[in-house]
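Please see the structure below; I have some questions.
When the chains are written out, they are named A, B, C and D in that same order, and each has its own residue count from 1.
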Amino acid sequence: MSEHAHPNYFKIWAWLLVLLSISVAGPMLEIPVVTLITAFGIAIVKAYLVARNFMHLNVEKKYVVYLLTTMVVFMLLFFAGAAPDVMNQEGDQWYKPKVEAEAAATPHH
Amino acid sequence: MRPIATTRSASGTPTGRLAVWWVIASEIVIFGGLLASYIMFRLSHPEWAEYASHTNTWIGAFNTFVLLTSSLSAVLAHQAAEAGNGKKAAKLLYWTMLGGITFAVVKGFEWNMEISHGFTISSNGFWSFYYTAAGLHALHVIAGVVIMGIVAQTAKQNLELHRVELIGIYWHFVDLVWIFLFPLLYIAK
Amino acid sequence: MLEHYLPAASTYASDIDGLVNLIFWIVGVWFVLCQVVFFYFIIKFRRKPGVKAQYITGEEKEQKRWISIPHALVLICDVFIVYGAVTVWVDIKQTLPEPEESTPVRVIGQQWAWTFVHAGPDGLLDTPDDIETVDELRIQVNHKYRYQLESEDVLHNFSIPVFRLKQDAIPGRVIEGWFEATQTGTFDVQCAEICGIGHGIMAARIVIEPAADHAAWMSENAPRTVLAATTP
Amino acid sequence: MAEHAGEAAHGHDGHHEMSFWSKYVFSTDHKIIGMQYMFTGMAMALIGGFMAYVFRMQLAFPGEAVPGFGGVSPADYNSLITNHGTIMIFWVAMPVLIAGFGNFLIPLMIGCDDMVFPKINRLSYQIFLLSAIVLIVSFFVQGGGFGGAWTAYPPLSAKAEYSLTPLGSTLWLVAVALEFVAFLLGGINFVTTTMNSRAPGMKMYDIPMVIWMIVVASILFMASVGPLIAGAVMLFMDQNVGTGFFDPGKGGDPILWQHLFWFFGHPEVYVVLLPAMGIVADIMTVFSRKKLFAYRTVLYTVFGTGVLSFTVWAHHQFIAGVDPRMAHIFTITTLLISVPIAEMCFVYIATLYGGSIQLSTPMLWALAFLAEFLIGGVTGIFLGASGADVYFHDTYFVLAHFHYTFFPIAIIGVFAGITYWFPKMFGRHLSEFWGKVHFWGTIVAFNCIFIPLFMLGAAGQHRRIYNYNHFPDLATPELQRLRVIATSALLVMLAFQAVFLINFFYSLFKGKKAEKNPYNANTLEWTAASPPPHGNWAELPRVYRGPYEYSHPDRDTDYWPQNEPN
């Protein structure tokens, strides 16, 4: 580990801050698509920068990257399996009646 | 005394670091499960956008800034530890801890403010997720700060310097989780 | 095989029984085959003095065949089972009879009783002639019914073994399905999802009667709510 | 790494006298921790078995006071079945099979002196013990133990007004969550140890199958338990602070819990299955003096099973209100996973071919595992096929099916392992004769318990009912006779466990002394003393070949230990 040249950590930090400002500024345009990109697209870029340079995944053994990616893929799989029931309001032969409007209207204790 | 087993490295990755990767792998699925559930609910409840508009983006952004900066000092501590400079590494770890503490204190104020405005954990689904996800993350921050204190203590005496890297990797992961929590809880409105 | 234990009283009960038989024979053959070979090996290759075991790596192609051919055969059998399962499933869970040729019935589970809202003589729910009963479902034989399954509190499961029908009732969700009885009689309705300490007493009966009897029961009970006596 | 220098310098930390406490209670030695897990697991198995006795008695003789327990109320009954399931899976199968054998075997079989993190290992056991205590406490709190089934589906588990066990459900959840933490710590230790601390020369394909399987099981556990931990946090909040994650009235969804639970719950089946499969592989090769048939194929089927196990979870929810279209996908994946498992069984049968089989007690258990597990495997097909599951869901058919998988795993597999490694663990032999008496008594009685339950399931008897008198179609004398047969067989089986316990404890102190390698086995643990001292070997072994070189044609002896240069 000690042989490789270190990236300039300050530079990466500066980039992260720039990206942070963009993600905060994005919603001010009030265009949903732009917000989506500035919020989540930039989160992915930030995560990539941190994982690659701060966690040193760029010089770590490849199987570690595969391991972590596999975990993320499992979560996508979970999402794909659960979303048809949890996320939808209706499906094949079932629907969720609108109880929620009432529940939201009643004050919570 | 440390067993010989700990000093072997058949996989090419030092044992401590390997273990940290496995810890992070198991943490990914913990946060992953929680966030996947949140996203499902969020997409099926358009009205949550309205609830989310009561969060304070500026506080969230400030905390993101604090965590990103503390990640920088953590990685610099790792660099110092690699160079064999335990004193410097410890000092940088103290800065990182300060970042973590700042994060937690700001979070405390933020929650206090929100609860006093009536947004409690049982107000509605959004706030339940808001407090649960951020709370789980904050527990990780606090645990990180405590462990970092122990690591810094030994690093100061130039002992167990490899631990500086290990706690650093964990800290970056905590930072990474927040990078996703920030847009999910604050920006998406 | 299932008919040995209880009658098949719905149109799709025999489909399920057929699927169960299909699976039984497919896996049965595999099972018997495996066990016969297994016990044959155990008996044949018992330790004998002076006889050394063979050295077989199992890594060579002609050895691996002993595994890969059964492997492929299992896969083929799986295709048949999947085909059978999917057809039966689509019929039971994904097909709804047309409203004109069927009658709706609302089934509501709660701790620890079933409430059945019969459509009454007009064949429509949520009209004044609805007949509400507790723990007794009355239907007409050879007639299609569409059920709307709801739950008031926790999970329940609307299960009629003679129909081979099961469906969870979930609070916050309405689930639809259908059945058509093929023989008359009185049978059990179960709750097949644990629902608290009264789960064991959450029993109901389904009464399947000829069209004339059913019509008579409806006209007798139509306007007012009837609380049927619960089974002991 | 310069730290390798330490390897030669590692003398033995002398034989300074250790007190009983530091030697057996707060030890960091992997063997002692393994024993702690194993004995705790056995104690919990007795509790779980007692629960089975009480509720089976209630079913056979409804309403009559059960000797040793008294009358069984519906609340008692629910709590008994819930905790029987929870204990047998989380506090028996997992600690004994993975943590017990894993701790004992991994360092010994890969040739190192301990786990890589001995203190974390100790912490793992302590958390586990705490979780067991919390669970036991939960039976005695006000309102009684949790009675919402081991799957803990909300809203029943989430609200005290539904479950009527306000404290019991929360303590149950806390106990399960603590247990997960213990196994995460243990699992990280197992995986890291096996990846990094193998003896010099031990390559990937030289690792004994049982170690591979325990490691893959640990990885499966780590990768699948996360969502359930998140779910447990959410359920805890629902129970105690009034959130509504699973409450439809507050915008939540009870189905979400089922997904979180089964996303873990199905891989969990393989988490416990694989170590048992591994134990059986090692025993079968030793007692048939055969090389394991197609080692690599077995390994690939294990990986295949592992990956596929993440894609099948919703077959537990076919009729639980999930969208019916999803059932097709999960039927296909479920039937696909039958392929690698069937292949594993074929490989094991093929391993016997041309062998020199000795029917010793461990071998009997290993063979019985395969014979009985096949029944569990083939009956699973009925449940994985969505159309047939419409009928079988929640019947005793399901119950009998998974007992035909879990019993071979958690009981037969464990007995195989204990009888096989007993000489290594304690330096003494178990009695073969009483071992065989125990074997036949257990196996015959086991089948007499669960075959009647298959029939009851086919007759439509649904689960978790304390008294079938309320269901006229199920209250027939014919079916009641089957219930009585099952209960009687259970009593016989439980009685035979006394034979084991007496044999075990007698042999522990008075058994015949065991030499280093009583079975002429190849793997490294048999090159250490019986029982191995702290640090396992005076000089750590090197490895030159795979673990299953039995009856090699070039050798006079029929075994070829891994550590012999030639």
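Observations, loosely collected:
Basically, a residue touches a chain if its C-beta (ideal position, glycine included) is under 8 Å from a C-beta of that chain, and two chains touch if they have at least 3 such contacts.
Because the structure is a prediction, the values reported are computed rather than measured.
Ranked by the number of C-beta pairs in contact, the top chain pair here is C-D.
With centres defined as mean CA coordinates, chain D is found 31 Å away from chain C.
Averaged Cα coordinates give chain A a centre that lies 15 Å from the centre of chain B. Separating the CA-averaged centres of chain A and chain D is a span of 36 Å.
Rounded to whole angstrom units, the spacing between the C-alpha centres of chain B and chain C is 48. The multi-chain contact residues of chain B, meaning those touching 2 or more other chains, are 11, 13, 22, 25, 28-29, 32-33, 36-37, 40-41, 45, 122, 124. Within chain D, residues 223-224, 226-227, 242, 248-251, 253, 255-256, 260, 263, 321, 324-325 each touch two or more of the remaining chains. Residue positions of chain C touching 2 or more other chains: 93-94, 172-173, 175.
Chains that are in contact with each other form these pairs: A-B, A-C, A-D, B-D, C-D. Listed in rising order, the residues of chain B touching chain D in the complex are 1, 3-11, 13-15, 18-19, 22-23, 25-34, 36-37, 40-41, 45, 121-122, 124-125, 128-129, 132, 136.
Remark: chain D residues 73-75, 77-78, 147-149, 153-156, 162-164, 248-249, 253-255, 288-297, 319-321, 324-325, 327-328, 331-332, 335-336, 338-339, 342-343, 345-347, 349-359, 367, 370-371, 374-375, 378-379, 381-382, 385-388, 390-391, 393-395, 455, 458-460, 462-467, 469-474, 550-553, 558 touch chain C in the complex. Partner chain C is touched in their complex by these residues of chain A: 92-97, 99. By the touch rule above, chain D contacts chain B in their complex via residues 1, 3-4, 6-7, 10, 13, 107, 112-118, 184, 187-189, 191-193, 195-198, 202, 222-231, 233-234, 237, 241-245, 250-253, 256, 260, 263, 535, 540. On chain A, the positions that touch chain D within their shared complex are 70-71, 74-75, 77-78, 81-82, 84-86, 88, 91-94, 96, 99-100, 103-104, 109.
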